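The first chain written gets the first letter, and so on, giving A, B, C and D; residue counts start at 1 in each chain.
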């Protein structure tokens, strides 16, 4: 229980890192949306391993197959099932994982909870699960773009202590995709790439911060008091593997300001629209979008799998040591960008449908 | 839609700051729990305005009344409805609010979404809504304590740039309640109180960070992949008024470490239990509690209502100015402590019931 | 758990027959609907005991109080809490019920499930719980009427073997309310009333069938495959106390026809609308409304409480006898009419909001 | 929206009759259950077309493939995805269906709701969708059997006016499976088969009633007031294609009895258990199982597809005629038996988990 996200645009993911495959069922997608496997594949390719020299060298194609819900290129309004088959290569690299718990991974807690786990490659706790989210997010993004012109752009804001200078109001997808680390500050991106390569050589790992902006979000999305827009986004991104923190608008730094400094004064713009001069609220006030850009940040810890030897225990309760084998990401941030975008898209799309209904939104 | 929280321990709050009253219906409470209105009142009194010189001087008794679900001092397993009546005092202080939107408040977004709002004192967006959460949280806390000895202790960690030194593993409720700002670092607390009083005199406001620890949490709570324990807690606290950020364990600071530094090595303790030497995971791995202390932090922005004059607009689309009248909190942090504890308790209790079932947990 | 009904128009009832009161929280009601306590009271008065000589002579006013969600006569879009206080009269008539299980009541199963029950007057299993449903139904009816001109009319179709001749397409509320048994076949109604009075004198009870029609239902409501319109209606009415069966359209009798006889042929009416010549489908095809009248029937068993002595057991596991005391309904059918209407209204309103969204439907 | 069923044992089906395939994702299945594709296939084979001379002669193997959630023969507690691929044979028999609405089918309502439909073979409204339900039901049955020895046995009670004499308390699966119509009254079964064959020759169709008993159901399942056990079962079976009515226990016939005749008197059996002498309640009182056999009946209308010519309309709004082509079931009852069993199993399993929690039930 707990594998479904959303209230009207409902996404259920399934699959372990090994076994038949991973995928998603999307229930509640508006009918008559033109969508193709190719469009979904674009996003999956941004997420997949082996896409560049700074990600894991594992080569996985992650080709998606649409099993239902689409007819002659258009959504039917019925559940859309999407499957990405697993390659059935059971690596010997994983043999130790059958009984040794990897530090800061979910091996021990899965065993404690379920009394069983698929120990090959992390099983259900593998980041491979996010394939389903990213596929669903591709559809959510298209709906949002088509209905309201919403643009959702994520990027790497910081790697360890290297922080890019980026204008969320102007940043473009092209800028983000112009380098392999997905940091639109080109100069900073180079230093990030160098740092990641050095960390990889050391057999270590690093983390950082992804920032994500949603532009042209219609006013009025969000459902107080529990399903506030930022609360749902927080849940979405904090359910991503390796995330440790969330901020909206001014975030933690906002607590250093006084109310007079922090408040967003209202004004009337040239179109007669109510706007705010500043956007410390991050596009959401009282849990409801106010039409300004929604701006969030997500902290991702350094990858737990490292090649250095660490102390740990076995599932039999004995102390031992473990050094990660196989090919792993020294830094997940560039691959986390499409995941964060997907979760923001899923939340916004769900709330868009709550506002308009499933069948009439398009 | 959006006023219910939880899957098995389901909490639905209702009520505006003015009108008949505010309250909560709790569905799914285990039967045969001894609970009294007095026990609930203890928590409400920690939340209520006018409790000290650093909160708003508004005097509200916030006496709770149990309408259903309890018989001869014990829960029935049926819905528990709790009501706190509003005093029907319609202050003239609010008259301007009928047409002027308060900056960084929810007035404008409620109007944009619903086309109507109860403008007296904030209506549904008032922090008065959290009365229902805190009442429900009191029951959740008791269940957790009784079933598993869980202790949930929140406290003020930081006010603006004044940060207390507090040991989350050892801090006690007595220490928290020993001063009016609820910072268990007594010396720091004094400086915080001074700062808040100074800010109040200036007609300004400040924010800060609440930290909350949950100790003795059973292993195995949390439902991957979307209802991970930290994801549900994040949603809970990010749905509180004025919250702008959330962290679990190492949080944003953890992104400055390498994987080798950040990982929590496992060991076997004297009781043969699997434990971690460090707790950068914050008590949760892979979305499931690992038996270590759960540790979170929540950023609260400076109170939006201030006495200083600010630019704003009217609901007719005209620019104007507004200065907050009435009696307001210069800093909500001390009152936010029981709210954060309540949300953590609601999430943990919900997941406890998912693990054990409603009727058999006690 | 289980006290909430609906997905977008969410109704949570609370309360036992004795204790503080019974009521409902409605979450998701469209904003800007004009509604008053008086309009809700009209429906509650059709449900309340003591309304005529054929119902229980218990006099209960069941005056409703709106606690939240309505401001200056209009809904806010926030939760509407409605309370009907219980009279705190703990009748000695109930003393035996503390330990003797009433046959075909819920006393024994509540004890088996919860290990505790409020034995006064049935506690949560009392039909008094339906007050919250009927209050919410009054609001749902008004929304449906205002948005689409939907009319929902229930009536007593059969009492024991006395069956009225009623045209569901033409029957009016006035006809239903023209007699105390709520059977619009006036002549049959008289015989029904006589029969009920005779049964009451015997200390016995009888049941029957309520039929309910919904007219002017927009095409397109219902969400295959599980939330088909008839499936949700079936759940709604089968959750009413004493219901034992449900039919839509041709129902059980339809199984005696061949497909050629049973199928509803399509034609084009004078307005160019697709219609069906017959309506054995009962207004729903494939789980979705087709614009024809929705027609359902609900079987209600004879009231379980009777004055005749019956064999039973105690909560200590001893055999004993019990004869109902106090004042009870010899037949619940006339009071069940507004309950059935309420459940149909709640389902239709929920699906209307799924189609249009909460905030834009009005 | 509406393709998920259950609260803790959550079943989401997907797939149209044509396209990639149909299937199900089961979220919340208890971990450590031994289950194989073969065990699931047994139930699918009872559902599949072409299984006997009285079903449609379409040959479909309906071989299931488990994509996730099972590892080394045991469930992981993670989502179980099961896929049955469609044969990609686009029959010319369906060409007319692209524009002619089949009477008493869902073609017209799907178009009205979604503005698009997969017209090949019924699309999502095809009974082929129930493959996912039956697969999930196979798992639910095994859990129920293993945890509590629950037996769920459905059978054909009536075909048109031919009604079998069957003892629900003693009937066995072997008796049900001993003939192709699944009526355990062997003599009546023969007459039923004859009637179905005659009806098929006429190009017509017939319906009937499936009865289903659940034995050894633990006391205490069901969640008043809305998620009463019979309410959830009613929703489940009324969401099956072609169902028109539902009864529990005495059902509609019970309304012809007086309360004195209808009530189930309690007694203490040899094991000291509270039992009822009769079972007009159908194993459920107040929405909660009482340990007696749960007994329900479901009315299925005659198959809508017939070879006889009928009047209908096109999607362009013109009147026309249509005669069913292809190979269809003259009577769905024998194939509906495993579907009804599946829905009963899904509800009971869901409520079992609500009682015990997902991870601890086995």
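What we mean here is this: a contact is a pair of C-beta atoms (placed from the backbone, for glycine too) under 8 Å apart; a residue touches a chain by one contact, two chains touch by 3 or more.
For each chain, UniProt lists the protein as follows: A, B, C, D = Chorismate synthase.
Please read these numbers as outputs of a predicted model, since none were measured by experiment.
The chain with its Cα centre farthest from the Cα centre of chain D (Chorismate synthase) is B. Separating the centre of chain A (Chorismate synthase) from that of chain D (Chorismate synthase), both taken as means of CA atoms, is a distance of 39 Å. Averaged C-alpha coordinates put the centre of chain A (Chorismate synthase) at 46 Å from the centre of chain C (Chorismate synthase).
Work out the mean CA point of chain A (Chorismate synthase) and of chain B (Chorismate synthase), and you get 27 Å between them. Multi-chain contact residues of chain D (Chorismate synthase) (touching two or more other chains) are listed as 1-4, 7-8, 13, 78, 113, 124, 220, 224, 354, 358-359. Arrangement of the chains shown, judged by which pairs touch: all-to-all, with no pair of chains left without contact. The touching residues of chain C (Chorismate synthase), counted against chain D (Chorismate synthase) in their complex, run 1-5, 7, 13, 101, 103-106, 108-110, 112-113, 124-125, 129, 158, 160-161, 199, 204-209, 219-228, 230-232, 234-236, 238-239, 241, 244-252, 254-268, 272, 274, 276-277, 280-282, 284-291, 299-306, 308, 310-313, 317-319, 354. Put simply, chain D (Chorismate synthase) touches chain B (Chorismate synthase) in their complex at residues 7-8, 78, 220, 224, 353-360.
Touching chain B (Chorismate synthase) in their complex are the following residues of chain C (Chorismate synthase): 1-4, 8, 10, 12-16, 19-23, 25, 27-28, 31-32, 65-71, 74-81, 83, 113-118, 123-124, 358-359.
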